[in-house]
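There are two complexes below, and they share chain A, which is joined by chain B in the first and by chain C in the second.
Let's turn to the complex of A and B:
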């Protein structure tokens, strides 16, 4: 390793794309992943299909992993965390702790691809009983069921007849402190709702929402088919609480466009939990000394036209480390970060030579 | 035919907490009957072209003339059907659908829905099933139906009485005083009539009557207004006899 290496921290879709991108344009990358496997959240949380089109997640992510591990320009370190950074832009030294103990590596630039974590629906003021009722689950819990092609109520193993999604759990909430929109949950919930309707055809599926944010082609590729072809019921109004009623769940809210309060019995309630910065994002941001916003995401300081440059020279960030992002955003900003990092190293080298 | 509807009634006695369904009322009508009627609406071949999915954006209400004067909302019509809410669809078939003027302004829906078309289907189902609301709504039209079927024209000059058409203004009263004179002042002789819109040949009248008879229009009138049907039958039987036509 040397100062013409780019260190990529995080081996999810963003980190994989960045590392592969660096290799593709002739650079060398050091990919550092805390977990003992690559692939990030889609693999860790057993995603079924990728939004929007629902291609099976595992083979798609595996192809990214294979591209990286097959690149001579990329060195991969798993089960490894960065514990310190020293030096200066263009000549950093990373201290890492891994399976073989502590080690150091030199790099000229760093890309943070440290991603997000899902909001913990047991936190704060949530009244949804996630830790109380087995049939209250999250988007990622359901995603995991979908990848096994088996949607059942955790309480009794029966297919649910009535399922509802509650949007904006942990997002757009001043009390919780996450005022932002998590951007992907509307699309993911709608995609999952379609899959539930397909796997349990006699089920009735509701989505309770504040606004449906199905930007771009998600509108006609997910939202319209969910409503028109799969008869998913979209009701504008957020659920205030989930209660037990017999062996079912009672959800309470307002059907705002109909102007009436409602209480409906459900077999399963799916909480559309939003995105928060992962512990790794917060920790690495502090360690690298980059500016974070009030939520803990990394600030891209030159937005809107430069989405990956951070407050610290030589340090770039991509994907959900920067804020809520879907996979398309993530791989796009990752490729952008790869390009910026290599351009940074080359411009320094050119300046040194002249 | 099942007589199902009871007119706008007291709030349902169903579980007060389950307001989504109980809000519709008509608890005395079995849910199965409401679902049967809704299934009939959905089975209509036009249904799929009239309802895709509803944004609940309200553009249909914004352009709806009826919504300005009545407690009528084409959005709610589309929503109730989209949500497969048989209770609410039933309520609308009893209370709402007769307030639509069928102008189809609502087709400017960005999703391509046609709430007015849904109302058309719901009206047909209401009539075919003899819902009391259909009869009530058609009572106002019985005079016009009688006029068309017995004379071959719709609105006749002598129907334009001030009490029946207050919205036509004070001139209605002035004109009705010397109606015959006003009519004879019109150049075409065929318009010198007061109890028909214009002169209609007997053969035309017979032809129209036979069309109504064979298309089942008369049966529908028999359903919703038996006394009107009886009068019409009597009047027309006489005419048919005069023309030597046997049915």
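Let's turn to the complex of A and C:
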């Protein structure tokens, strides 16, 4: 390893794309992943289908992993965390702890691909009873069921007859401190709603929302088919509490169209939890000394036209380390970060040669 | 529990008396009212979207489920302006388990088409309403009596008014010009003038028909009518749900038309026009059809005017001429050509024209809709017309003269006259009976 290497921290879709991108344009990358496997959150959380089109997650991500591991320009370190950074832009030295103990590596530039974590619905100020009722689950809990092609109520193992999604859990909320929109949950919930309807055809599926935020083609590729082909019932107005009623759940909200209170019985409630910076994002940002916003995401300091440059020279970031991002955003910014990092190294080398 | 568009506070419901049957003796015991007092629950509970199934399985009903609740339709729905019915609310009602086929809302839509114009999801009430109404009729669900009466009259007499078919051409006698009646004189003709019900029978409509005959004659138009052989084209009956009746009218009407040689059909009725250009072709019957304003607009340069009228007028776009068929200019070309007439537009005109309440069967449902509206649509429209300061509300749909004249009286705008364009032209050409 040397200063013409780019260190990529995080082996999820963003990190994989960045490392592969660096290798594709003839650079060398060192991919460092804390977990003992590559693939990041889609694999760790057992995602079923990728939004928007629902291609099975595992083979898609595996193809990214294979591309990286087959690249001679990429060295992969799993079960490895960065514990210290020294040196200066263009000549960093990373100290890492891995299975074989502590080691050091030199690199000229760093890409943070440290991603996001799901909001913990236990912190929700609404009374959703996530830890109280087994049949209250999150989007990622349901993803896991969907990847096993088996959607059942956790309380009794029966297929649910009535399922509802509650949007904006942990997002757009001053109480919680997450004022931002998490951007993907409307699409993911709608995609999962379609999958539930397909797996449990006699189920009624509702989505309670503030406003459906289906960016770009998600509108006509997920939202409209969910409603028009799969008969998912969209209801404007968020559920504000979930109560037990016999062995079912009573969700209470407002019928905003008619201006009346609304109480509906459900077999399963899915909380559309938003995105927060992952612990790794916060830790690495501190370690690398890059500026974070009030939520803990990495600040891209040259937005809108440069989305990957951070406050520290030689350090770039991509994907959900920068804020809520879908997979398309993530791989786009990752490729962008790869290009920027290589360009940075080459411009330094050119300057040194002249 | 009524589903309503506005917040309704809990209401004490008290019946005068109530009876309870004893589970032991079976004897009925009368209870005083205080035992039967209750609050109507406002909370919406135990709903299911199952009722969608019934509607979306009907050909034409599919789009009811597509609503994403943007709310654009509600401010442009003429019925919502005066009541609680609204297309978006209808979606929500069905989503909460209301059976549209037995709900009063089924009969409130006038199929004016303004919601479809603004709807980003193309939820098409113009298809949904006739389909659902037809299903309700087939199911034997209760149809408002006054509408049922019109269906029966149309079936029996071939016109919505229940008038004697023999009297269809009665208006021609005092037209002041000869009007050729095809069954009597079946030689080929250029324009088959399809008079339709209200110009044939309604006294004010007959005056307009006579004016048309005089103007057309003065302009050298070769025209003739079907006389007692004419039956209504039936479009409003179709939109009100009587597809079977409409289908049999199509057969009768086209069989009659097949007997005569003519180049084109001209009708004063935008509803007939709509059916002849859109529905008849679907059933294999293609005609060259014009609304009378489209016949006359190109001839406007040939008119020799006899006088200036000195009138400020405003014009009401018929939904089925304007929004449904895109003709906004022909009537205005005629109005603007009349000497001494100044046209002042209402706020809602052309694409956003407000419905008179007569379409889609609304013409025959005024008694029914009274219970669901603060005022009639025609009354709302007349007040809008009066606000422009116009002397005359000019129309070109046979439903409108009678609707707006009643509304002008009931809203205290007696000085606002309601006149068909053809009557103004007739006056300005100096052809009317007063001038003869």
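Following the convention adopted for this analysis, the second predicted complex is superposed on the first by the 352 of 354 C-alpha atoms of A that agree within 3 Å, B and C clash if a C-alpha of one lies under 4 Å from a C-alpha of the other, contacts with A are read in each partner's own complex, and residues count from 1 in each chain.
In the analysis below, a residue touches a chain if its C-beta (ideal position, glycine included) is under 8 Å from a C-beta of that chain, and two chains touch if they have at least 3 such contacts.
What you see is a predicted model; the values in this text were computed from it and never measured.
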{"item": "Fit or clash between chain C and chain B when superposed on chain A", "value": "clash"}
{"item": "First, second, both or neither for A:58, with chain B first and chain C second", "value": "neither"}
{"item": "Touching partner for A:283 - first (chain B), second (chain C), both, neither", "value": "neither"}
{"item": "Between chain B and chain C, more extensive residue contact with chain A", "value": "C"}
{"item": "Which of chain B and chain C A:35 touches, first, second, both or neither", "value": "neither"}
{"item": "Partner chain in contact with A:346 - chain B first, chain C second, else both or neither", "value": "neither"}
{"item": "Touching both chain B and chain C, residues of chain A", "value": "224, 227-228, 231, 233-236, 255, 257-258, 260-264"}
{"item": "Interfacial residue positions of chain A with respect to chain C in the complex", "value": "204, 212, 223-224, 227-228, 231, 233-236, 255, 257-265"}
{"item": "Interfacial residue positions of chain A with respect to chain B in the complex", "value": "224, 227-228, 231, 233-236, 255, 257-258, 260-264"}
{"item": "Residues of chain C that touch chain A when the two form their complex", "value": "3-7, 42-49, 52, 65-66, 68-69, 88-89, 92-93, 95-96, 121"}
{"item": "Residues on chain B engaged by chain A in the complex (per definition of touch)", "value": "17-20, 23, 52-54, 56, 75-76, 79, 82-84, 111"}
